[in-house]
């Protein structure tokens, strides 16, 4: 059983801890957070023996095999470097950092330490999206020509969150950039972004957008589209469609039930599952199980450091495109060799 | 071009006349109705040259090849016999009569005159139901084991109509009895009926039911279910499911559009097409085209006199079952040889 | 935390044990099975401290609050009586017994001991079926008029299982009898059954059927239909439709993904989840959580002894109907007062 | 009854003629085509009295009220001008011309002659797309934020057709440009296009693309996406989705039947209707009925000259964007005042 240390006990840190405690592959040995309030009670209810406000304690603990980095994004890169040097395997929440250069430095440390790093793009582990990836990979739709990702949140985050989020492309669409690469299995060579502030004026005041569309051109000739909105009043809208020379695969949202109710008012179905915690429950479980399986050598890391880096590059390019009003080519960015990560 | 005479210019008679005028296979030469009000105007708008209140005029017209009998059910059998003796091909609305014996006499006349008779079970010509029949016939679902027919009207007819209708089994479910035979392609050997008066007390006062379920046992071992309701508040509900050793085919209702609207209230689709005129528009056209094609010898009558007779037998048996509270076997009823019809 | 003893460590006993160990409401203290092979290893992997081949040990253990009866059906009634006398709350797998009289005796013991008894009709806890029940109860479809339950297994059980199963009505359709009462919320007053041996000749040799349709007449006037097949080649088919004066609710099967693949061959979706373990994973978890909540007094037992009894009465009546070829009325059967259970 | 002259008796000219002969609002008085082969036979079967190889005969016929221009695109603008001067109302197939300037001249003539001009964007009359437009216009989805149009043909046209087509944007996507304006009800201010030659190398040799995505920015802030492929192996793919502040509406393809077939291979539905003649049968009928109703003054022309012009401007801008690799703004193009058309 792997022994795990969790750095950052916010919502996502706690979620991972609960899932780890349920697997038969690992146990949480320690958790750290700068805010210790209520942490003891929560930890003891999950049988987590060690609680600390200093994450260095976790890095120094020789019994800990793997670190989950769930602290704020601004701390990720530093902790990755430290954890790598301490010889720990690393699971890091997305994004690795807000800057491609910073991420590259972190990955370099991972590479040198020869530890494993998985980045938390949880959607790769969703039953629907995995089916799309597997279908494309299996050649069922032939050569990919068009890709379309719809990604809409049920409501915008508070302004304070937006201010520190890195912007829509880095905070929200970064999941979709990763999904695009995961499904098409080719690198993006050009990005063109359009965005608008149509939902919450506060987001506009922070120089961010809440509605955006990005067009991607892939090295293999395929063209992709990503649509984001911070507010879909009917709930979390997470769909994908891949079209190719031999066919098309598309997915619908998951709903609480399959019930269809017909009345004099119309024919009604359930709204989609409300948000990511509801929709991706199973994906979060799968994500950590696959992480431990990769450490055991069963298969390569499903979402590695390079994947994290490439998504950030696309987010950065999209932001540049939005600011300049022009498409942005991506061949000018230095990429670490995939194998080295 | 076939020359057609239409007896009875009510709603369905007029509908057939309009469809005939649009085909390139036939023209309406004459129409008769005991109620001549407004008939001239309507007929002239459709370029129908002859209008009369005496249907014998049509039977005596040597230029007329085929007669459409759209008058009240109580007149069908007599007119069939007369038309057959006059050497006309016959399209007769359902049911042929309210009594198996009467229908048998009419069919005997058709047989002796060697004319063609098609009975107006329009649903055989519906795109969805025809697909089910063809799929079953093609062996795609293997041997049929279970059949389920859902048939619900959007609102009950007025009491005056119900009083003369022959009852729910003969008036409404008769379509479904025919559909059951059409799809399973085996005769029914037992009928068990349950019914209730749950919708309109006036229907109960007329000793009729407005809600009914009938279980059918087929000669090939399959078991069928027919569900009827006189009132589905969401519109005309016409679905079927056939299950067999190799699979299952089921159909959904047709709707005015495929639109799906998602709002904070839920996810909404269109209600089914309102009633039979909306749902079976294309089926009515196909029905008469196939009638003329059969007269031309392209293929046998799709829905012949025996089909009309068998549906009536099932309706009669269902009524008997409801009255006696017992299943009714069908082997005691004499059936004319199918080929002779 | 409730302490639980599990009697019978077959597939379903083990399943419940795993789910119990994951809740925060209870722990498995002991497990018994006449076949001890491999039991120690399995139990220790789940941190179950006590393993025995004598279920009396569990009944005698004062620390155990509740007993899960997962042994063969023929043993249920006796164990219920013993457990009740030992003052344990009881969760019993379905059916309680193969005979209404035997079940009544068991329920009498439960009543006298004033313990709680939940019967394992897991489908009441399924997200789709619960939605139907809640929608009907909420009055959204008005007064129920028609109910339809489709229940088809992906493949028939082995002949040895069938021989001891009590027959299709008691073994398989009993779930649907319970579902019918759960949704319509009215007792059944008449049952008419048709059945056939269309799938596996061995089942016929055991005087059982593998295909059956049962028509139910409810006290409130509604009519219900249950369809069973032991073999749906496309997977576990579990659907329901309730139709009433104000509308209709119907559910579809759950599928592994929502993906739709369009190729030159057609438009393809996933098959339904394969069988009950896949389909009802979440329902099994909910079922035991609700059991413990009922013991805590949060709400009455969702599926109590009377529910178990009524389902058996319907199974018995269906069998009688099939044998006699006649509808069977249910008012002649003595029923214990619901409140007393 | 309006008397109609049809110029150009190719596939689409013949189609319109047949539909006109079926309405009660108009009759085809004359048809012209430079290729007279077989024209007499066809015309007489439809009771069209006059056949000629000189379209001027139609313009000179004082009994003709309206002209349908179904000749090659290169002739449209000249004939519009001549027909307008002859005082005929005009229905012109899309596009009006291959050049914005040419179209503007033609529209000027229409304006000066004060005749009515409808452009043949048939999809505005499709049941699904009209539902989307009406829903957006009714405010059901609130302010439009995102629009997505999927438009894929089942197979590419022959190279000879492509060579004269004006290119994918002017020939195929022009329908979608019109649809975008029709649904969002705001003008496009910027266009960015990506395209590729992924299907048929011959199309590439003609300097055309067969796969393209265009991003549109609307004056009201909404962002739109149009996807085109010349080859969807599963059939004509025509879908739309509009997302706004209060919800989302999306449409699916029409299919020949609603049947769902479940076998051991999977769950299968019909492919979409094959191509535009199958999919838009009813839209073509509605299109001409609405044209005659507009002439009668019942409502304004649904798709007028300005609509034709704006779609061409977008096609031209998309082509420019593809060639230059940059987004193209549209405010530099002079637009005739909408009212003047």
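Quick notes on this structure:
Letters A, B, C and D mark the chains as written, and numbering starts fresh at 1 in each.
The definition used in the following text is that a contact is a pair of C-beta atoms (placed from the backbone, for glycine too) under 8 Å apart; a residue touches a chain by one contact, two chains touch by 3 or more.
Chain identities (UniProt): A, B, C, D = Myo-inositol 2-dehydrogenase.
A quick note: this is a predicted structure, and the numbers were derived from the prediction, not measured.
Placing every chain at the mean of its C-alpha atoms, the farthest one from chain D (Myo-inositol 2-dehydrogenase) is found to be C. In terms of C-beta pairs in contact, B-D outnumbers the other of A-B and B-D.
Between the CA-based centres of chain A (Myo-inositol 2-dehydrogenase) and chain D (Myo-inositol 2-dehydrogenase) the separation comes to 42 Å, rounded to the whole angstrom. Annotation: 58 Å between the Cα-based centres of chain A (Myo-inositol 2-dehydrogenase) and chain B (Myo-inositol 2-dehydrogenase). With each centre defined as the average position of its C-alpha atoms, the distance from chain B (Myo-inositol 2-dehydrogenase) to chain D (Myo-inositol 2-dehydrogenase) rounds to 40 Å. The residues of chain C (Myo-inositol 2-dehydrogenase) that reach two or more other chains are 232-234, 237, 246-248, 262-264, 270, listed in rising order. Note for the complex: chain D (Myo-inositol 2-dehydrogenase) touches chain A (Myo-inositol 2-dehydrogenase) at residues 143, 145-146, 148, 152, 190, 192, 194-196, 198-199, 211-213, 215, 217, 221-223, 225, 227, 229, 231-234, 237, 243, 245-248, 325-327. Within the complex, the chain A (Myo-inositol 2-dehydrogenase) residues that touch chain B (Myo-inositol 2-dehydrogenase) are 232-235, 237, 255, 262-264, 266-272. Listing the residues of chain A (Myo-inositol 2-dehydrogenase) that touch chain C (Myo-inositol 2-dehydrogenase) in their complex gives 22, 24, 45, 127-128, 130-132, 135, 140-141, 246-254, 256-264, 270.
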